[in-house]
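Read from first to last, the chains carry the letters A, B, C, D, E and F; within each, the first residue is number 1.
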Amino acid sequence: MSAADARPQPPVAEAIRADVARALAEDIGPGDVTAALIDPAARARARIVSREAAVLAGSPWAEACFRQLDPQVRIAWHRHDGDAIAADEVVCELAGNARALVAGERNALNFLQTLSGTATVTRSYVDAVAGTRARILDTRKTIPGLRLAQKYAVRCGGGHNHRMGLYDAILIKENHAVAAGGIGPAIRAARAASPGVFLDCEVESLDELREAIDAGADRVLLDEFSDAQLREAVALAAGRVPLEVSGSVNLEHVRQIAQTGVDCISIGALTKHVHAVDLSMRFEDA
Amino acid sequence: MSAADARPQPPVAEAIRADVARALAEDIGPGDVTAALIDPAARARARIVSREAAVLAGSPWAEACFRQLDPQVRIAWHRHDGDAIAADEVVCELAGNARALVAGERNALNFLQTLSGTATVTRSYVDAVAGTRARILDTRKTIPGLRLAQKYAVRCGGGHNHRMGLYDAILIKENHAVAAGGIGPAIRAARAASPGVFLDCEVESLDELREAIDAGADRVLLDEFSDAQLREAVALAAGRVPLEVSGSVNLEHVRQIAQTGVDCISIGALTKHVHAVDLSMRFEDA
Amino acid sequence: MSAADARPQPPVAEAIRADVARALAEDIGPGDVTAALIDPAARARARIVSREAAVLAGSPWAEACFRQLDPQVRIAWHRHDGDAIAADEVVCELAGNARALVAGERNALNFLQTLSGTATVTRSYVDAVAGTRARILDTRKTIPGLRLAQKYAVRCGGGHNHRMGLYDAILIKENHAVAAGGIGPAIRAARAASPGVFLDCEVESLDELREAIDAGADRVLLDEFSDAQLREAVALAAGRVPLEVSGSVNLEHVRQIAQTGVDCISIGALTKHVHAVDLSMRFEDA
Amino acid sequence: MSAADARPQPPVAEAIRADVARALAEDIGPGDVTAALIDPAARARARIVSREAAVLAGSPWAEACFRQLDPQVRIAWHRHDGDAIAADEVVCELAGNARALVAGERNALNFLQTLSGTATVTRSYVDAVAGTRARILDTRKTIPGLRLAQKYAVRCGGGHNHRMGLYDAILIKENHAVAAGGIGPAIRAARAASPGVFLDCEVESLDELREAIDAGADRVLLDEFSDAQLREAVALAAGRVPLEVSGSVNLEHVRQIAQTGVDCISIGALTKHVHAVDLSMRFEDA
Amino acid sequence: MSAADARPQPPVAEAIRADVARALAEDIGPGDVTAALIDPAARARARIVSREAAVLAGSPWAEACFRQLDPQVRIAWHRHDGDAIAADEVVCELAGNARALVAGERNALNFLQTLSGTATVTRSYVDAVAGTRARILDTRKTIPGLRLAQKYAVRCGGGHNHRMGLYDAILIKENHAVAAGGIGPAIRAARAASPGVFLDCEVESLDELREAIDAGADRVLLDEFSDAQLREAVALAAGRVPLEVSGSVNLEHVRQIAQTGVDCISIGALTKHVHAVDLSMRFEDA
Amino acid sequence: MSAADARPQPPVAEAIRADVARALAEDIGPGDVTAALIDPAARARARIVSREAAVLAGSPWAEACFRQLDPQVRIAWHRHDGDAIAADEVVCELAGNARALVAGERNALNFLQTLSGTATVTRSYVDAVAGTRARILDTRKTIPGLRLAQKYAVRCGGGHNHRMGLYDAILIKENHAVAAGGIGPAIRAARAASPGVFLDCEVESLDELREAIDAGADRVLLDEFSDAQLREAVALAAGRVPLEVSGSVNLEHVRQIAQTGVDCISIGALTKHVHAVDLSMRFEDA
C-alpha cells in the first residue's frame, strides 16, 4: 500500500448505486415510451461536453446511470472529478446500446450538472481564500437525499466537510448550552457522554469562547462575529483550538474574513443553493 | 364528492414518507450525538418563520420529518403550500418532544427551503406571463431523487408539469426522428406503439411543424425558434395543436415569448437550479 | 441509431430483477431442503418445452430466475417473446449448476406460463379483429404486483396498453364528471390541471360524446353502447377523436364490435383472468 | 387463550402491507392525474358488491389498500373471508376521503377478485370430494409474487396448503432419486440432512411406493396412477402413510379419484389459473 | 446430476448479499474517513489466519464483504466451511484493491469469528455424543437478524436444524395444548389445519408422550425429563416416533442424555451465546 | 428544554423498527403454523421475568416485536434499560392479542437476552474500574447487523462507545502510518483531509506516542503496552491527550490497567462474544 493521492474519495459503491437506482426509477419507471422508435439492438456513440467553465464532479454517478441500463457500456473519461474544465471540453466518450444511452442521458447529466455546480461554487470560495490558513467547510443545509453526493462535490471543489450529520460530531448550540446550564457544563456533559467524538461548540462572545476553550472543545464556531471580533478571537485562542466562522458569508466578503486568521469558514450556500452547470450529451451520427 | 379546489395535490403519502425517511437516515443515522444534552422527556415549542418573501412549498415533507421522530407532535400550519409569504411571517407552530424538534429542525427546513425555492422562482415566471395564454412548464432537468417533490413545488408556484419522466408521455426528439426516417413516420410509429399516450414532438423549422401537425402530434415543441419564427408558427398552427417553446428562456425574455401566442413555455431553470428560501425555526423559552 | 423493430420492449432490468427476487424469496426463502440430495458442484442440462400451442411471453423473467441462482448459467432461446409456438416445441436450452436449475425450474415456469397465458389470449382477440381498424387494449384490472409484466405480455400478444396506472393518463369517469359539473367542465379542468397528459373520457350517450369531443378529449370511451349506437358514435366522431369501447366484450362478439369502426376495444379479461400455458422443463440424463 | 375457530389465518400484517404498497405503487406511482377533479377534502361513501356467486377472499388486502391512502377510512365488512356470497350481496361498506376511495377502488377490487377467484374454484373442488377422506391441496404453481396470498385464498376455499416453497418440506422427485441412487437412499439421505422436516416422496409404481413407505416417508405422492392403481396403492399403504395424488386432475374426475381412498389430491389449476370474480364498488350520491 | 456431498449448503446468494450489505452499511456508511491515507489505486495482499483451533464457518459472507467493495478481488480459500482448523493456519489468501481490503477486513472477520464460534461449539456437542444415535439440534434462540447464518453454522459444526421459524414446523407447547383441550386434540387439530407440515409436540410426562404418539406426532419433545424418565420414554416409544430432549443441557451432561437412546437433543446455547473465534487478517508488505 | 438525564439514548425509531421487522420476517415468514390452535380473537396476559441477575437492555426492540404484531398491545415496563435486575424480577407485564404474544415471545426474548448480555458484561468491566479515571469502550468487533443495538447496550451497561464505524472517526493503524510515511505525516494528512473528524492514532512505542501527540492526535491508542509502559505513557502524555489501551484485556487484569492512569480501555469482548441473559415469558391462566 502506497501513500494516498489527492483525489477526493467518493462514497461507497452501494450508496452511489442506490442514488442512481432511485433517479432511474423516478425517470424511467415502467419504461421509456419513446424508446420504441429505436432499434433495441442498435448501438450508439456519444460524448458529454461542457458548455461553460466549471469544476467537474459526479462522474461515478453518471457512469452508474449508463451502466445500470447497459452493463456493457464503455465510458472513457477525459476529465476527472475535481478537474477544472473549460467550455466546450469533452468530458467523456461513450459507446453502448442506443436505447440505454438515450434513456440514461438526462439522468447522467442531472447528476453531473448538480454536483459540478456544487464543486464549482466551492472552488470559487476556496480560490478566494487562497494563501490564508482558512479552510472552506460545508454545512448540513443540503438538498434532501443528496447529502453524501453533495459533500463529495464539496471535496471535489477543494472544500472540506463539516460533520456528515447529527451522528458523527457534537455541535453544541445555544439551545443545548441553555439546557445544560452553560457552555462549560454542556461541553463536559457531551464529552462524558461521547468521549470519542469530535466536539464543536458555538459561541456568541469572547467570554463564551474562553469558556469553550477551557472546557476543551475541539473547535469553536464563532456565530455572527464582526471582523474585528474575529481578530480578537484569533488572538485569544492563540492556536489552542481551531476557530470556525459561520453566519452570513458571501464570496465578496470571504477573503476579508479569512484574513482575520480563522481556521475554517462554513458556508451554507455551497449546498443549499444549486447552480447547475451547463453540460450536454451529443450523439454521433451512426 | 364535490368539485375540486385549486390547491396542488401532493404525491402519495408513501412517496413523501420515503423521501423523509431517506433524509432522516442520512442526517441522523445511528443517532444524534449532541442530543444527550437534552432531557429525553423534555417538551419544546417552536415556530418556523420566513426570513424573506417567498411562495411556500414542502409542508407535507416538513411535517413528516417531525412526525417520524415524534408521532405525537402537534403542528399548526398558518400558511399553506402555494401561499405567498412575506418576510418574518410565522409559517407554522410546533409542540412536541424536544429532542425530536431539535433533530428534525434542519431536515424540515431543508425540504421547505428547497421546495419553496422552486415554487418561488416558478411564481416569478408565471407572474411574468400573466394575461397571456402561455403556461409555464417544468422539464426533466431535476435534482436526482427529488423529481416528484420538485414537480409538486412547480405546481405550488402556479406552473404546470411537463411529463414526469420517460414513461408518461412520448417526446420525439431529433435522434428519434432520424432513426424513424423523419418526423411524420416517427409520430405515426410512436402513436401505433403506444396509442393512449400523450405525444409531444420537437421540431426545428416551420416545415417540420407542418409535418408534426399533419401526423397528429398532441403538442409540438419549437426548439430554438426566434420570436418572429414563433409568431409564424402560431399562425401556421392556428390552434390545431398546442405549441411549446423550449431552449434559452430567462425571466427578462419570457413575457416577449409569451406574447407571440404560444401555449407553453418549458424552463429547465425552474428545477435544475435551486435558490433556497431563507427560513428559520425558533424555539420558545421553556 | 437505426429504426426500431417490432419486438415489444420489456420493462427496465431493475423491475424484472425485483419481480424475480421476490418470486425466489417466496419460493426458496431460507433454502431448498431437498437440494441436499444434489451434489453442489453437479452440472445439468435441460430444456423448456411447450405442451400446447401458445404465444410466448416472459423470457426475461425466466432467464433472470436462473441467472440469480447461477450467474454463469447458459441459456439459448430458440423462440422469442411474441412468437407463436406449437405444442412440443423447444423454447430454450439451459446448462448450468444442477441445484440452480432444479430450484429455478418452477419459478421460471411460473413466469412463463402466466405471461404466455396473457399473450395468448391477447393474440386471440387481436386475430379476431384482424382487418379492422380496431386495436385491442388492456385495462387496470390486473394481478396485483404484476402489472408491468402483464402489460408487456399484452404487447407480446399484439395488443396495446391502456394507461399504466392512475398517473400516466387522465380518465374521466362518471364520478369525476359529476364532481366537476359535467363532462365539458371536467375535461377543461383536468386539461388545465395537467396540460401535457393524455385525456380519455368515458361517456354514456351520444350527447355526452359530442360534449367530450367539443371539449377536446384525446380519446372517448363509450360505455355500454349497443352496436348500433357504436356505429352512430363513429359517424358522429368522424375521425376527430379516437373512440374506445369498453364493457362486456368477449371473443365471440369482439369482431362485430370492431366492425362498427371504433378505434380501440379495451378488455379487462386479458389481464384479470389468467389461463396458464402448459410448459415443462425436462432435464437431460447426465 | 381459548381454542381456535375455523377461520383461515391470513399472513402477518407486514406481508399484506408490502403486497398492497407494491400494488399502489404500480398503480398510483407519482399521483392520480384525474384526482384534481375531486375536492381533496371531500368525503365519500361506497359499497363493494358482488356481481356473481363466489367464495370471498382477500379482505385484509382490500382493507389495507384503502387504509394506506386514508388511515381514517371506516370499513364495515358484512361478509368475511371464506363466506359463500351470492350475486348482488353487499360485501362491505366504506366511508372516507373521496380521493382515497376513488384511487383505492381498482386496487382493492384487483385483490378481492383475484383471491376470491382462487377461493371459489378451490371450494368447487372441496365440495366435489365432500364425504370422502380426500383433502384438496394446492401446489407451487402460483402467480409470481402472490404465493402467500393465493395459499391463504386456498384455505378460504376449504383447501389445504402443500408446502409453501422449497424451504418448508422435502419433496423427492425422480431427479433426486436418480441422483441419490434410488428412492430408499434418497429418503434416508434427505431425512439425515434435515431430520425435522416433513418428507414427501413422488413414486411412479407400487414397488416404489413400498420402498418409500419402508424408508419412512411422511407422505407419498402417486404420479400419474390410474384409478385402479390408486386403489391398489391405498390397499398397500394400509393407512401407514398418507397418499397424495397429483397429475392431471379436473373437476369432473376429482370425485372418482377421491373415492379410491387417497388422502390428498394436489391441483395446480387452483392457483396457476385465475378466474377473477366479478365485484364492483358503487359510490353513493353525496 | 450426481449424488450430493456432505458439505452443508449455505443460504441463497441473495440472503448472504443482504446480510453483508447491511453489515457494510452499518460499518462504512458514508465512507471510511481514514481511507484517504491509502492510494485509491493501490493494491494489497493479505491472508486470514486463525489464532486458535476452531471449526470454520462463514466463508461465503466473508467473501461477499470483500467482493462488494472490490468486484475484482481474488480470494483463495485454503480451508472450507466445516473444516477443523488449527491455530495459526492460513484460512485464505486475498489480493485486491488496498482500500477495499482494509475496509472489508473487520466486517469479514466479524462474520467469520461469529459463525465459526457457533460451528465450533456445535462440533464439541456433536463430538460428545459420537457413537450414540442422538443428533444435536439448534433452537429458535438466535441472534436477531442472523438466524439463517447461525443455522448454517450449526450445520457446519455437524449439528442439525430444528425448525427455521414458526412457519416451517408445528411445535405444540403447553399453551397450545391447553387452548385445544389436551395434547391429542391439539395434535389432531393442527394436523387437520396443516396436513403437510412436520409436527413436533412437547410433553411433560409419559402419559402425555403416549397421547402424543397415539395422535400421530412426527416427533415428541420431552421437557425436563430426568435421565431415568428418558430411558422409560425411549422404551415406551419403541422407535415409533423420534424423541427429542430439551431443557437444561450442557456439555458435561450431554453424553449421558444421549446414552438414554433419545434421537435428538436441542440446545439453545449453540446459538444464543456466541464465543467468537480469534482470527486475524495480516497484510503483506507491499 | 431542561437538562438531560443519564439514561442512554436508543437509536432512532426507524432503525429499531427495521431490526425488528427483519427478526420477525426470519422467524414468522409466511405465518405461524401452530397459531391455528389459538382463537384469533383471544386475548392473553403475560409477564417477562428474569431468571438471573443482569443489567437490562433492549426494551425498545422487545416492545416493537409485540407492537408490530398487535398495534394495540399494552406493555408496562417495571424495569428500564440500564437497570440492574435481580433473579425472578418482573421486567414487564403485557396484555394483548394471544396469537401476537405467542408469536412475539421468542423474538422479544432474543433481543432482550442478547442485548442484556452485552450490558451485563459491560457493567462488570465498568464496576471493575470504579474509582479510576478509566472509561470502558467498545470496538468494531460486533455481531454483523446488530452494531447500533449492541453499542446502545454498551451504554446501558455504563460503557462508552468507540467510533460507530469507519465513517465517524479516524483511526490510524500501522498500515496507514506505513502508507503515509510515518505517524506524524499520517496524522497531518488525515487531519487535512477531514478537519472536523475525531482522530485516534495507534502507537507501539513511547517514541511513536510522542510523535502522535506532537502531530495533534485527539486520542492515542497504546497497542500491547505492558503496565509499566502504560505508566510511562501516562507520564509522557501528561494530560495533553487522552490515552486508550487496547489489546488483550480481561476482567481480572482490567483494574490494574486502569490504575496506570489511562483514560480509556477498549474491549472487543464486550460485543464480539454474547452471553445471553436467561429471561422467560410467562402466560397467565385465562
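The definition used in the following text is that a contact is a pair of C-beta atoms (placed from the backbone, for glycine too) under 8 Å apart; a residue touches a chain by one contact, two chains touch by 3 or more.
Fair warning: this is a prediction, and the values are worked out from it, not measured in the lab.
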Expressed as a multiple of 5 degrees between 0 and 180, the CA superposition of chain E onto chain F rotates by 180
For the copies chain A and chain B, the interface residues, called same if over half of the numbers are used by both and different if under half, are same
Of C-D and A-C, the pair with more C-beta contacts is C-D
For the pair chain A and chain E, the C-alpha centroid-to-centroid distance in angstrom is 44
Dist(centroid_CA(chain A), centroid_CA(chain F)) in Å evaluates to 32
Distance in whole angstrom between the CA centres of chain A and chain D is 52
Expected list for chain C, residues touching two or more other chains, is 1-4, 26, 28-32, 35-39, 42, 98, 102, 148, 164, 167-169, 175, 179-180, 189, 193-194, 197, 283
The chain A residues in contact with chain C across the complex are 21, 24-25, 28, 30-32, 35-42, 44, 68-69, 98-99, 102, 283, 286
Listed in rising order, the residues of chain F that touch chain A in the complex are 1-4, 135, 137, 160-164, 167-169, 175, 178-181, 189, 193-198, 200, 218-219, 242, 263-264
Given the complex, residues on chain C that touch chain D span 19-20, 22-23, 26-39, 42, 61, 98, 102-103, 106-107, 109-111, 113-114, 117, 140-148, 164-173, 175-176, 179-180, 186, 189-190, 193-194, 197, 272-276, 283
Counting only contacts in the complex, chain D reaches chain F at residues 1-5, 7, 9-15, 148, 151, 164
